[in-house]
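Here the structure is laid out as structure tokens; the discussion comes afterwards.
Labels for the chains are A, B and C, by order of writing; each one numbers its residues from 1.
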Amino acid sequence: MADVTTTMQRPSPAHASGPKPRRAFSRRNIMIYSILFVLAVYYLLPFYVMLMTSLKGLTEIRTGNIFAPPVEITFEPWAKAWSTVCTGLNCDGLSRGFWNSVKITVPSVFFSITVASVNGYALSMWRFKGANVFFTILIIGAFIPYQVMIYPIVVLLREMGLYGNLGGLVLVHTIFGMPILTLLFRNYFSSVPEELFKAARVDGARFWTIYFKIMLPMALPIFVVAVILQTTAIWNDFLFGVIYTRPENYPMTVQLNNIVNSVTGVKEYNVNMAATLLSGVVPLTIYFLSGKLFVRGIAAGAVKG
Amino acid sequence: MSQSGKPTGLFKNLSAKIAAIPMVLTALVIFVGCSVWTIVFSFTNSRLLPSANWVGLDQYERLWSTRRWMISIENLAIYGILMLILALVVGFLLAALIDQKIRFEDGFRTIFLYPYALSFIVTGLVWQWLLNPEFGVQNAVRNLGFETFSFDPLYNPDTVLYGVLIAGLWHTSGLVMCLMLAGLRGIDEDVWKATKIDGIPAWKTYIVVVIPMMRPVFITTLVLVTSGIIKLYDLVIAQTGGGPGLASEVPAKFVFDMMFVSQNLAQGFAASTMMLVAVIFVIIPWAYLEFGGKKHG
Amino acid sequence: MQPSVSIQNLKLDFGSVSVLRDLNLDIGQGEFLVLLGSSGCGKSTLLNCIAGLLEPTEGAIHINGQNVTWAEPSDRGIGMVFQSYALYPQMTVEGNLTFGLKNAKMPKEEIKRRVARAAEVLQIEPLLKRKPAALSGGQRQRVAIGRALVRDVDVFLFDEPLSNLDAKLRADLRVEIKRLHQRLRNTMIYVTHDQVEAMTLADRIAIMKGGVVMQLDAPGVIYNKPANKYVADFIGSPSMNFFATTLDSTREPKVRIAGKDVYLTGYEFTRPGISGDVWFGIRPEHIVTGELADMAPAQFEVAAELAEPMGAETLIWSTLDGAPLRFRVDGQMTVSPGDMIRIGFDPARASIFDTVEELRI
């Protein structure tokens, strides 16, 4: 206890930190909370402004202050952003992009996780010759700038007749999700006691039986982490969407950018912000619902092989 | 009971090998094959379509005498260095603040990390709106009575990069905080107790003891942030479109435009090869530190 | 009779490291064989080879006369119990017991019958519907044994099954395993680093070091007549006292210890007639004190340096002829450092090894 009081009496409370003392209203705590509060405002401000702008009429935006709450709340910008705003030749709003993104994300998440979980399982449990060579290439591959590979993939997809299709984009997402997800699953399955695997082999289970009956049920939490990680990443993707799909198949991010950054017509800031918020709804919902699992997914990306 | 002989090499673990086919194909065809393909075709004069018309290093000579490429490189260097330093500093400070056994820890963490869940497109568009001189922060402050207040980084070629930096930092610092916090939490409580008994002030403990102990976390964060910086593309597209003029061009955008807009494929190949070289320069020291150093330690 | 498990010229290399070298071992029907050794001696590797979980580089393994060297683990007629229990966490106890049988596509009634029998033998009937997480360590290991039991196989393999349990449970389960063996009469191969387990359970012990079997014998022989200095040192706690001395076999065989001639009357020579430098070993528990020392053929007086009271007895650390000497005295005796104690031993109970190959003389 004595050491706690000495810390409290130290003359420079601004620096006196470190996880230990707990008095509620010390000068030190007031400092910490005020700094955190100011920072929290900075991080929240963009979200607040987006929301406020999207609920105002255009005249109120022109005359008022972006930080002020709307005098007259209107949901018209949201309705317009969702169903009638024009991008190029289509005037059916962001809903088209939303459903495209759903059509892209669901199969991409499914396939990338299926492939990666089997990879991770095979790598950690079966260790066949040469497996580590390919795994190393895969991990190094995660650091290669996409720009180096995008054009040859265009050529490949064209050859396979998938260029411009949703199928082609799903394939691309599955490929580029593989390094991080394989690492995630490999690390998870490596932490499963090897004796469990041996016991299953003595019990006569083979590759797929062990995967489906033993490993899959055990790995449910890591599957949730992977789903969160992948859904967010694929939903937010812009580059692959713009390269590998045709305009009618554009995902939401690409459509959103086209709406807001189009040079023609009057700038409807409220509609733009409503559209921006709309495309953030899915990842934000996942983020707020998943909480600690989202953090775990991020940390998994930082774990070295 | 089976009386089979020794299985030959190829058929050993056959199921595992079949299951690994997608990984092997990805590693060989995409990561190795496509990279090599791009490098090889950067020595041609391909324009709209790839052609095997070899021109040696011409594309590279052209690339390095292109003003737009030079600006892109310079921008990326400035943005990258500032981003790295600021992201690490801000991220570490946030983590250290949150690690003070505060109340509402989860709440603060949620607030600092949520931008990371949003796409770069959304990030770019929000900050484009906030930094809009007519309606954004500048206008709001002027309305308060500071008539001459000026803050419109996106419309000034000299400062546009810092406007992008603000948005990038807003997006990424939460991630860094998260990694740093995990690092801080991984440090043994006994270390804190020991430094308290030795009478070392907390700020000094951070600098002398904690940060050196977190070296692996710093290195991984460095690598993650750096690889993100090199890929910088969506944010610029959404926030500035590379403008005003060429003031916020970046290499990834240069490559994209060369390949898909200007129909100058080989220039794009050469530029992307240069990006690959840059990444290799980042990866090799890291791999050495991470894996080469272990043999001695 | 044909051996239950027969290992012939087994070799296993991991890269350039040789883990098992040209190993031969025959295990009889119904025998309880313990593989004993310190970590890294290759005992677990050998067990994994027998189970089919590791592939040998060379050699052959026969179980009940069948060559199973390359057979799948499940086709070898073995059951295995692991140190970490290795129960499938998401299945109930019943699910754990039946998993292997279901994989073998066994009829339902037969599965039921076997599970009932195993549950009865191991007294785990009330646990059948529980998940492993809801079981204690001892219960888990019992289920793990049950998993081997339901397979109705001739050979049981145990890989340090008691190492994760606390001392008391370990002793209880040890007795239970012994009972199980008496009841079932299966061949059991049991890996451990615990010599008490080895001595109490085994029909024969194979002591391994560096991938080689150093000695394969009944526990009593291993204890009383270790084949080499390593085995002598490894078995027994505290370990054997060794003196570097000279053996003179020209007339009556004798060694010199602390300036005295010690005649080896009654010592059963493995290789009689050898003279020269030797290791003379005597177990701490074979050293007597007090009146018994006065009657012993070899007698010395030593100074106590350290006393470790352990209740029933006290362990004394001392020095004799420049070599450390440990021996036990009655726990009721008070010994302080510096006290002179008369000790004695019977050279017939000693072990003598040459200094070159360190093999028993």
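Here, a contact is a pair of C-beta atoms (placed from the backbone, for glycine too) under 8 Å apart; a residue touches a chain by one contact, two chains touch by 3 or more.
What you see is a predicted model; the values in this text were computed from it and never measured.
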Taking each chain's C-alpha mean as its centre, the one farthest from chain B: C
Chain pair, most C-beta pairs within the contact cut-off: A-B
Separation of chain A from chain C, taking each centre as the mean of its C-alpha atoms, in whole Å: 55
Rounded Å distance, chain A centre to chain B centre (Cα mean): 15
Contacts with two or more other chains, residues of chain C listed in rising order: 72, 75
Interface hub residues of chain A, defined as touching at least two other chains: none
List of chain A residues in touch with chain C within their complex: 193, 195-196, 198-205, 209, 213-214, 217-218
Chain C residues within the chain A interface of the complex: 48, 51-53, 72-75, 78-80, 82-90, 99-100, 103-104, 144, 147, 159
Residues of chain B defined as touching chain A within the complex: 9, 12-13, 15-17, 19-20, 22-24, 26-35, 37-39, 50, 94, 96-102, 106, 108-122, 125-130, 135-137, 139-140, 143, 170, 174-175, 178-179, 182, 189, 192, 195-197, 199, 201-203, 205-206, 216-217, 220-221, 223-224, 227, 230-231, 233-234, 237-238, 241, 251-252, 255-256, 259-260, 265, 268-269, 271-273, 275-276, 279, 282-283, 290
Chain A - residues contacting chain B, complex: 3, 6-7, 10, 12, 15-20, 22, 29, 32-33, 35-36, 39-40, 42-47, 49-50, 53, 61-62, 65-67, 115, 118-119, 121-123, 126, 128-129, 131, 134-135, 137-138, 140-153, 155-156, 174-175, 178, 182, 206-208, 232, 235-239, 243, 253, 256-257, 260-261, 269, 272-273, 276, 279-280, 283-284, 286-288, 291, 294-295, 298-299, 301-302, 304
